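Letters A, B, C and D mark the chains as written, and numbering starts fresh at 1 in each.
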Amino acid sequence: MATHNFIPTRFYNSIGSHEPVLAIGDGDTVVTETLDAHGFDREGKKRADGPNPMTGPFYVSGAEPGDALRIRIDRIAMTRPTGWTFQVLSPNVVNPGAVARFPPRAVTDWIIDIAAGRARLAKPPASLRGWSVAVEPMIGCFGLAPAMGQSISTATSGPYGGNMDYRGFGAGVEVMFPVSASGGLFFLGDVHAAQGDGEIVGTGIETAAEIQFTVEVVKRKPVGWPRGSTKSEIFTVGNARPLDQALQHATTEMLDWLIQDHGLDEVAASHVMGQAVRYRIANVFNPAYSVVCRIGREWLAGLKASPKQG
Amino acid sequence: MATHNFIPTRFYNSIGSHEPVLAIGDGDTVVTETLDAHGFDREGKKRADGPNPMTGPFYVSGAEPGDALRIRIDRIAMTRPTGWTFQVLSPNVVNPGAVARFPPRAVTDWIIDIAAGRARLAKPPASLRGWSVAVEPMIGCFGLAPAMGQSISTATSGPYGGNMDYRGFGAGVEVMFPVSASGGLFFLGDVHAAQGDGEIVGTGIETAAEIQFTVEVVKRKPVGWPRGSTKSEIFTVGNARPLDQALQHATTEMLDWLIQDHGLDEVAASHVMGQAVRYRIANVFNPAYSVVCRIGREWLAGLKASPKQG
Amino acid sequence: MATHNFIPTRFYNSIGSHEPVLAIGDGDTVVTETLDAHGFDREGKKRADGPNPMTGPFYVSGAEPGDALRIRIDRIAMTRPTGWTFQVLSPNVVNPGAVARFPPRAVTDWIIDIAAGRARLAKPPASLRGWSVAVEPMIGCFGLAPAMGQSISTATSGPYGGNMDYRGFGAGVEVMFPVSASGGLFFLGDVHAAQGDGEIVGTGIETAAEIQFTVEVVKRKPVGWPRGSTKSEIFTVGNARPLDQALQHATTEMLDWLIQDHGLDEVAASHVMGQAVRYRIANVFNPAYSVVCRIGREWLAGLKASPKQG
Amino acid sequence: MATHNFIPTRFYNSIGSHEPVLAIGDGDTVVTETLDAHGFDREGKKRADGPNPMTGPFYVSGAEPGDALRIRIDRIAMTRPTGWTFQVLSPNVVNPGAVARFPPRAVTDWIIDIAAGRARLAKPPASLRGWSVAVEPMIGCFGLAPAMGQSISTATSGPYGGNMDYRGFGAGVEVMFPVSASGGLFFLGDVHAAQGDGEIVGTGIETAAEIQFTVEVVKRKPVGWPRGSTKSEIFTVGNARPLDQALQHATTEMLDWLIQDHGLDEVAASHVMGQAVRYRIANVFNPAYSVVCRIGREWLAGLKASPKQG
């Protein structure tokens, strides 16, 4: 149960079976740093190219294909008083006929008041003077090396995780990913100080951060897509286009979870899901969109079978 | 500002320019009844065929094409201690390869304890004994006659409203629809005692109800898609397939709303929406899916321009 | 087997259970005229509003719900030496990031040399001087009154036909539509002098025409979506968004056709379809897209069961 | 202009920056062999795991990022008198409600009569006795190492090519791929003896083959997606889900090609494409679907600017 302080010096733009930067044990905790999506560090110095340069991979002893790796996000601390966003809605989230109404995409700077927990535009238009946003830091891109030795751009996501850009991936959340390579090979980066649903301007408030996380190997655990949990809910994430398919992946994964761990069959799980499911649209910008299928723990508390998981 | 008690005797399975059942004034309130989605009334007697037989249309004096009609849902009262759902996830919401795992679709009965505000399966499987659901009644299908004299099945939805099956359409909500025919011609029905996001089993807990609503004509109000508001938020609804397009409609309508009523331009509105938007997936079952784009009122309170609307 | 010459004076912008303009017998032939998509006639005089004003409906004696109506397109003759198109690719057919490269949509005039069978831009840019197009006239929008008394805009399409904008709907083609109302109620219009796949500029070369067609009632024929045939092939049409769903409808209809009329089961039909199917994208512009699933007659000739149909 | 005979001994299940198996010169020709999609060779011996084990990569001297590599498919020869398909339509190509009608997916054997150029089911059902298919061999999966050092499963496809499963990739076709890594790194495999549009049973008639191809480096050639040409047409391929997005990629690539090489601007190119484009649906089975946008050479012959390319 060691704690490792790891200062990254090499960053990857793909998630794959790259040389590990650190080997850690099952149950260990790591404190490390992440660059922003364009590769700038806490000093505002460019350290790597985009998109989404990753810290890692971390090799977790005992994690083998067929297992799952549970990552607990213990803490995300902003390390820079600035961030940036794009300033227009992404052309794919508005009606095609409305696309031409927007000026060309450009980067806009934000001021992050870390102590106050608020972010504001550095040069707001008159209509937004005084307008600010509560900081709720989250990890945009993280996951394990994908199956079959693949190495996939950090612009996108899949069953292995990746650039899911879900605003719910903040401190206190636990996420299980399927292990496809020896050691799991965990990558993380692309922290957002805040972000709305869908990441519809193509970014959150992109910034650098310090992250503490803890790993746990779950042996022989068939997980198809990322599974998360908080004190109040369990959730699954599906990554694909269109949203319809991302939703199918997330919904099927939740179905399988309820059957595996909560003693339900397809019909009983359908009854629960038909009433209990709450969806979120995590991102509708990246090559793969992400949909989250959530169930509050209160819905599961009344089930005959006691929850073994989540 | 009269109140009308209206007992329906004729029901429509399409929303269109049908003969009005009642003419009411701007500002009037109506108390009426709705059948369930298969046409059964409060006594469990079949009164009409499905899908979603509608009460109405109500002709609202002064509502003309180019206006909007605001409907306030004052009250939804269950009138029957029973409801029904389908018992399996709809084949379009799971991975295509998982469809064959489910038995054929069938109707399942529910007991609604109106006084206690809970619903439970009439014959629960062992794993769901004791499991129940909080009643949160909502209107599944409502809207105004569509443009161009169309008459469209209550199975689907469009800019005029229709079968949106959004669990957020409960008591206390106000919704504005675009007026396309003289008098607006308002229809309503298909109440659900409760429903999860997405209506993923193809139904909510379908039942009969008594509804009280109040109408308000908003003259010369360009509304593209249904716009709603509660004490805590404003929202827009887009109806289409795939979800991506429903989301585009809802997002563009919210953009236009912020520009029209909150003094923002495309860039300022993008900044607000990029942080403030929360999406919900209302239904992913009907011929047109429905996506809701929401913004909490706290995000708008700090804007320079005072909100004129919502 | 009468032949009717019918000069229309009233035009509909929706396909529905409207008052018939003419009652004809099973086997009869009709010669009539159609306006262009904006309502201009052979003289260039505006006679109706868009979109796609329809000639009809024709009531066919003996056609009842549960039957199919086969329409043979005997002849389509251009009646005007002019046509028009839009001049830019529709924003939904290019990458969202490319939309802003195009000027706003506008109407462009074409000269149709009917005798020569060629069409050319009235005012071509320098790069297209001398460039012309072979005339291959087709019906953009036709079909029968939809189910449940619906009346649906001629902008879109469904199981009943409608605005499918398939370049394959030219002279010599036979199409079967499902009958949902007594008499079938057949509408037609929106002729294009020529059009590429997908109708990707949002129009064909829109013009007025004279059309001769012949009707045949096929009793008790379960048809889910339009089914067509030529001397060389049979085909089905699915109308929906996204293209994926339109393809599912067309493919399932072809599957059902092979099973009903060619003595195959699901597996044998899959073997044939896996090798024989050729798809076309009819339109990717209208509210419902259209995909055509085709099988050449040579693939069916070798089947044990002799084709009863098509 | 050397000719290399290359017998592969190592096969990849991903397309990426793997160690080249052979370095060849610009203009060289290679004769080599490919395994079937499950890794079986000409003798029916399993030599590698699926999916789609690749022969290659071939390093082409002089090919650098920013260039394009043109591959001419000189010859595809069947080397085995057997092939296999799946026996049911893929669940994603039929209506979700029809999925349960099919038995579980299984492999079916085919006999390939190479001399006669026909393939037939080894054990046909009674309804398909005597039914056979003309052999038209094609390459299912080929392309160059993708950008950013990625290594992507041969199950899918992207701008770099990959598992496009287009029945048009037969002998005589030339295809240009964008070069993203030094030497291009060309992979190929997954030959089908025949296949319908869409690969709707999830396979073509999968078999082993001998392929001869010739490479040509096209320096400083901005190509976004695979571009092909035959004696009669030019075409582009877009790979994505849903089909709508694959079509957007293919259409935008054709637009760019006409502008770059045929002297057109956006409006003139729209006029040509609106009439001339013919789409094909290559596959609607793989993680990325593939749509082909084609223009016959006769449409380009009349353009003022003489074609420089294709």
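By definition in this document, a contact is a pair of C-beta atoms (placed from the backbone, for glycine too) under 8 Å apart; a residue touches a chain by one contact, two chains touch by 3 or more.
Since we're looking at a predicted model, the values are computed, not measured.
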Where subunit C and subunit D overlap in contact partners, by chain label: A, B
Contact-richer chain pair (by C-beta pairs counted) among A-B and B-C: A-B
Most remote chain, CA-based centroid, reference being subunit C: A
Distance from subunit D to subunit B - Cα centre to Cα centre, in angstrom: 47
Between subunit B and subunit C, centroid-to-centroid distance (C-alpha), Å: 34
Distance from subunit B to subunit A - Cα centre to Cα centre, in angstrom: 32
Touching two or more other chains - residue numbers and ranges from subunit A: 92, 96, 102, 241-242, 244
Touching residues (chain side subunit B, partner subunit D) in the complex: 90-92, 96-97, 99-100, 102, 104, 242
Of subunit A, residues touching subunit D in the complex: 13-14, 16, 147-153, 240-242, 244-245
Touching residues on subunit B, where the partner in the complex is subunit A: 85-89, 92-96, 98, 101-103, 108, 121, 125-133, 194-201, 203, 205, 241-244, 247-249, 251-252, 255, 263-281, 284, 289, 291, 302-305
